[in-house]
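Below are structures written as structure tokens.
Consider the two complexes below, in which chain A is the common component and chain B and chain C are the respective partners.
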Partner chain A sequence: MQSNEKEVLLSVKDLKVIYTTDGCMVHAVNNVSFDLNKGETLGLVGETGAGKTTIAKTILRILPDPPAKVLNGQVYFEGENILQIPEAKMRKIRGNKISMIFQDPMTALNPIFVVGDQIAEVILLHENISRKEAEIKTMQILEMVGIPGERYGEYPHQFSGGMKQRVIIAMALACNPSLLLADEPTTALDVTIQAQVLELMAELKEKLNMAMIMITHDLGVVADICDKVAVVYAGEIVEVGTKEDIFDRTKHPYTVGLFGSLPSLNMTEKRLKPINGMMPDPMDLPQGCNFSPRCPYAIDACREKDIEFTEVSPGHFVRCIRAEEVK
Partner chain B sequence: MRKYIIKRLLWMIPVILGVTFLVFSILYFTPGDPAAIKLGADATPEKIQELREEWGLNDSFVVRFGKYCYNAFLKFDLGKSYFNNRSISQEIASRYPNTLIVAFLSVFLALLIGMPFGIMSAVNQYTWKDNVSMLFALLGVSMPSFWVGLMLSLLFALKLGWLPATGFAGPSYWVLPCVSIALAGAGNIARQTRSSMLEVIRQDYITTARAKGQTEGKVIYYHALKNALIPVITTAGSLLGIQLGGAVIAEAVFAVPGIGTYMVSAIKSRDYIAVQGSVLVIAITFSLLMLAVDILYAYIDPRIKSKYQSKKKEKHKVNVVGKEA
Partner chain C sequence: MSTILEVQNLKKYFKTPRGTLHAVDDVSFKIEKGTTLGVVGESGCGKSTLGRTILQLLDSTDGKIIFEGEDVTHADRKTLSRLRRHMQIIFQDPFSSLNPRMTVSETIMEPLIIQKIMCKKDMLKETERLMDTVGLARRLTNSYPHELDGGRRQRIGIARALALNPKFIVCDEPVSALDVSIQAQVLNLMQDLKNDRKLTYIFITHDLSVVKYISDEICVMYLGQVVEKCKADELFEKPLHPYTKALLSAIPIPDIHAKKERIILQGEITSPINPKPGCRFAARCIYANEECSQPQKLEDVSNEHYVSCHRVYEINENILNSKEESV
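Then we have the complex of A and B:
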């Protein structure tokens, strides 16, 4: 999709994931494609239930199957389709080359093991070193995320939420991954801690030169740390481009709506402008453009057939036939 | 932790005194004069009076209760049977080990059978493996253990002649009673393990463990199982409690000379003082067992442990998990 002289690290092509429940098919991810270069940060933005987490878990192949099923598509990581490789080989990638930070730090740590052991576990799994060395390395990593190494032997319940998220970040970074999937890492934290954690992540990303997929519904976070942004709606990427493309040259009506529902400091109106209507039922997606029922620009042609991506400027793709008219 | 255990042990004193008081009062107010029963219908009132005096039955309630407690708790003497004049403490001491053997072995066996089935069910939820093992669990729970016991002795003792049907003279005698109790227990434990495993394997930290690249076996047996153990331990603990106190039916079926059969025969012959002694011993065992279960909780779950601990910071042992663990 993007012709760049930089090296492509991850390339997702035509990914389609469904969940089956009681015979119903939930279309969670529909034909998602994107590329990510080394050291780059991609923001996946969208409402709750848009399929962002499913995309991340598909990349790591940790979706529960059943009910989830990857219907088609490829995920190329360092040139290899990791949806096809055997599980044993995938395990070598998980936590090592690709790792993930989860949404809720309160529940993402095993409550009955000390945090140090949980971090050392990743190191021991992927690196051929002794326990003692792993312990020492764990303490260094803890220090790196701002936790004193002496807290190695403490249990998760002895840490605050922000500290737990730091532990999880430490765990994810323990083996210097080349790709980090961050699934709403700040959603469960309060605002001041959010800022700290984001700053830490941006700093470490720079230091370790990894690529990152930042899943969020917070456009402020995106503006802070992402290079590229993909806007996800009902399991589909509706607009993708550089941060500047998305923020300054918005082309898709849904993205426009997202910004419209954001409060701003210099706003004169008393009320926010939410997008009318609800996300479509993923069991029963509308014909044609998924956003058409809520779209102020929708015309009959929108509802006839699936909308293709069009490149409005180099690297800026939009899934809308009236993109040029959108303001 | 030690402080907590001592506290719990001290708490046992009022519990045991309360149990003693209750059992003593119930039997005190139960109609029927042990002396008259002992001497038979043709005894003269003088003789009965004499025996009542000898057994201290003419003392007031408070005096009798006080004497009983003094003898039981300070001299470990539960009195003499009204029926055959033997020391109850000695009778219980010679029988209780048999009950203990049956109880512990059968619960151990139940865990050994039940837990793997429960884990397998949970990991393969809604597949044929799950359905088959849950069907067996349901069968196990639904079959009364005395009936299973009878069927087992019919097959293995009578038909095949592999194992002795009654008595308690050695390990081969333990098999049938233990297995018949364990089958029901295994069903219970399998169902409990399944439901608590199902809850745990949906937790985020299990996904975290998978995302680390950990093998599925380790995820299940290391990360999930320990978290799922607490309800299983509760079930096993109460199973053990039931077996210690009331394995009456199983003991009766296989003629195991345990505390259950002793209590039943004591009740039949209105040997109230023997009943009283047995109940007391069972109550004490039960409280100790529950204490052991609570300590086991703390050992498994550090969150529970931290509630018991004083504010003093304890230095945790650094212990790395992973490859060889």
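Then we have the complex of A and C:
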């Protein structure tokens, strides 16, 4: 990557989000910080309920409040804290400079409008052009994601799952965003279709020089498409670094556990090494390190106080006091 | 070893307003006692229908199902009730396959009550033993499914399937709804149970790395037909059918140094309604020619490696020829 591209686009600092339900507090996101440079792809990896989607929705400011509440933290996008700006201004950014692809292509489209109009709506909202021009632009975008332009007038039910996801991608890219939040964009798709969609996304990202946050639970997808990886566990980032840091120099016991849980295709041993126990209840997080109840390396010091983020090598941060001993 | 289940030319068609849907079309195989047959394919290829038809949860259209030497294809209620002791199923979705009004112990005990094989006191004891076997804490005896997470619910499903001490279990995507760390726990449990109780599994999944981990033999299905069948390791070392090749190459591998030569399939799965004779994969196949519109059969190309493809020898010239020389 060239040095002039190393410009910070998005910077999330000490983000803390809670959900309140029946008087209980659920700590969905705790002290999450990370930076994303222009044109870079960050993989946000973790299991169900880790808080990945909440992080993305906070950036886009689409969390329902109540029950969700951002307690603390800043999100700097192009140098401006977008958590503080008025909603009217945010609406100009949303769908324009930052857009999002949702997980389930089956529910993200409105079934009673033709797909073309749903894409054109985004363009009309953000660009000062006529309806006719927007329609032409929509057809170009459809072609770009591999859908013939003449399918503009078809309804979502006439498209297959993979094709619907392409429509969603087209919609997200309609205004050439500089940041794309992709929330499990291929999870609902079959592998051969997933391969098509991932290839398309990588290609478009390159072409449009767009930064991307790829939310996924699939480490295979991460290896494929990401530059940087942040591993999320129980609302916290436990390890962040370049793809090489995470895959080759894994430091956090949870990340090690994730890799051990995956049946690999070139595996020789006949038994998986799962992580013991379950993810903690976010209403009742353990003292100290959230992973300590399941961690084979846990010692008393782990349970005493919150663990600091430490830099083990330039750009590779780990939230574990025994990181050096982890193998 | 003896054959526990044999399926001969099994067909399951559904009548739809648009024509006949060929969900399972002429599938034949044998399973040896104590082994696992993996069935892989993408959504809509008929793998779940196959599992359900074998258990007579769906009535077959044509063909034979032979369980322990007995033809059970159109068994009556009485025979079926007897068969259910030996043939069980674990369903995919642990959220919808359990009755929300029944407690954990009631759910696990239900098969014992229906089969009337022991007195109430023994049933309670047996239920506790089953809960221990699958790793459910006894304090959960009177919990309801909604109080439990996906991993625990799937363990209830497994305990219930084991209650009658069956010989044969159809596992229909038993880990797809689970997170990786929990998935690994459940896979290890299933592997242990298989070894301890000499169980025979049909393991239906879309996840190729899971199927490699758990199976002895694998069938690859495409639009209701088996396109390739062989030993698990062999399938991954030298896939011979063009669809299997593409499927394997499409899996995102969680290794950043792995060499990736991806075959991206064009188009999507065609409709299983009124399929044309000939290879059903031909429309997406890079090797397809006119010959492929002729009907074709699964044939043994080398040492019990079955492939259904006209051009299998041409495509795999180097693999198949070098093999013959060495033999």
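Operating definition for what follows: the second predicted complex is superposed on the first by the 322 of 327 C-alpha atoms of A that agree within 3 Å, B and C clash if a C-alpha of one lies under 4 Å from a C-alpha of the other, contacts with A are read in each partner's own complex, and residues count from 1 in each chain.
By our rule, a contact is a pair of C-beta atoms (placed from the backbone, for glycine too) under 8 Å apart; a residue touches a chain by one contact, two chains touch by 3 or more.
What you see is a predicted model; the values in this text were computed from it and never measured.
Enquirer: With chain A superposed, do chain B and chain C clash or fit?
Expert: Fit.
Enquirer: Answer with first, second, both or neither: which of chain B and chain C does A:209 touch in the superposed model?
Expert: Neither partner.
Enquirer: So, A:162: does it touch chain B (first), chain C (second), both, or neither?
Expert: second
Enquirer: First (chain B), second (chain C), both or neither: which does A:313 touch?
Expert: Neither partner.
Enquirer: Is A:218 touching the first partner chain B, the second partner chain C, both, or neither of them?
Expert: Touch partner of A:218: chain C, not chain B.
Enquirer: Applying the touch criterion given at the start, work out whether A:248 contacts chain B, chain C, both or neither, answering first, second, both or neither.
Expert: After superposing on A, A:248 lies in contact with chain C but is clear of chain B.
Enquirer: Answer with first, second, both or neither: which of chain B and chain C does A:108 touch in the superposed model?
Expert: First partner only, chain B.
Enquirer: Taking the superposed arrangement, what is the smallest distance in Å from a C-alpha atom of chain B to one of chain C?
Expert: Scanning every C-alpha pair, the shortest chain B to chain C distance is 10 Å.
Enquirer: Following superposition on chain A, which residues of chain A contact chain B and also contact chain C?
Expert: Touching chain B in the first complex and chain C in the second, no residue of chain A appears in both lists.
Enquirer: Which of the residues in chain A come into contact with chain C in the complex?
Expert: These residues of chain A touch chain C: 47-48, 160, 162-163, 190-196, 198-199, 217-224, 243-244, 247-248, 257-265, 267, 270-276, 278-279.
Enquirer: For the complex, give me every residue of chain C touching chain A.
Expert: 42-43, 149-151, 179-185, 187-188, 191, 206, 208-210, 212-214, 236, 246-256, 258, 260, 262, 264-265, 268-269
Enquirer: Can you list the chain B residues touching chain A in their complex?
Expert: Those residues of chain B that touch chain A are 203-205, 207-215, 223, 226-227, 300-303, 306, 315-323.
Enquirer: Show me the residue ranges of chain A that touch chain B in the complex, using the header's touch definition.
Expert: Result: residues 60, 62, 91-96, 99-100, 102, 104, 107-114, 116-118, 120-126, 131, 134-135, 152-155, 157-158, 168, 171 of chain A touch chain B.
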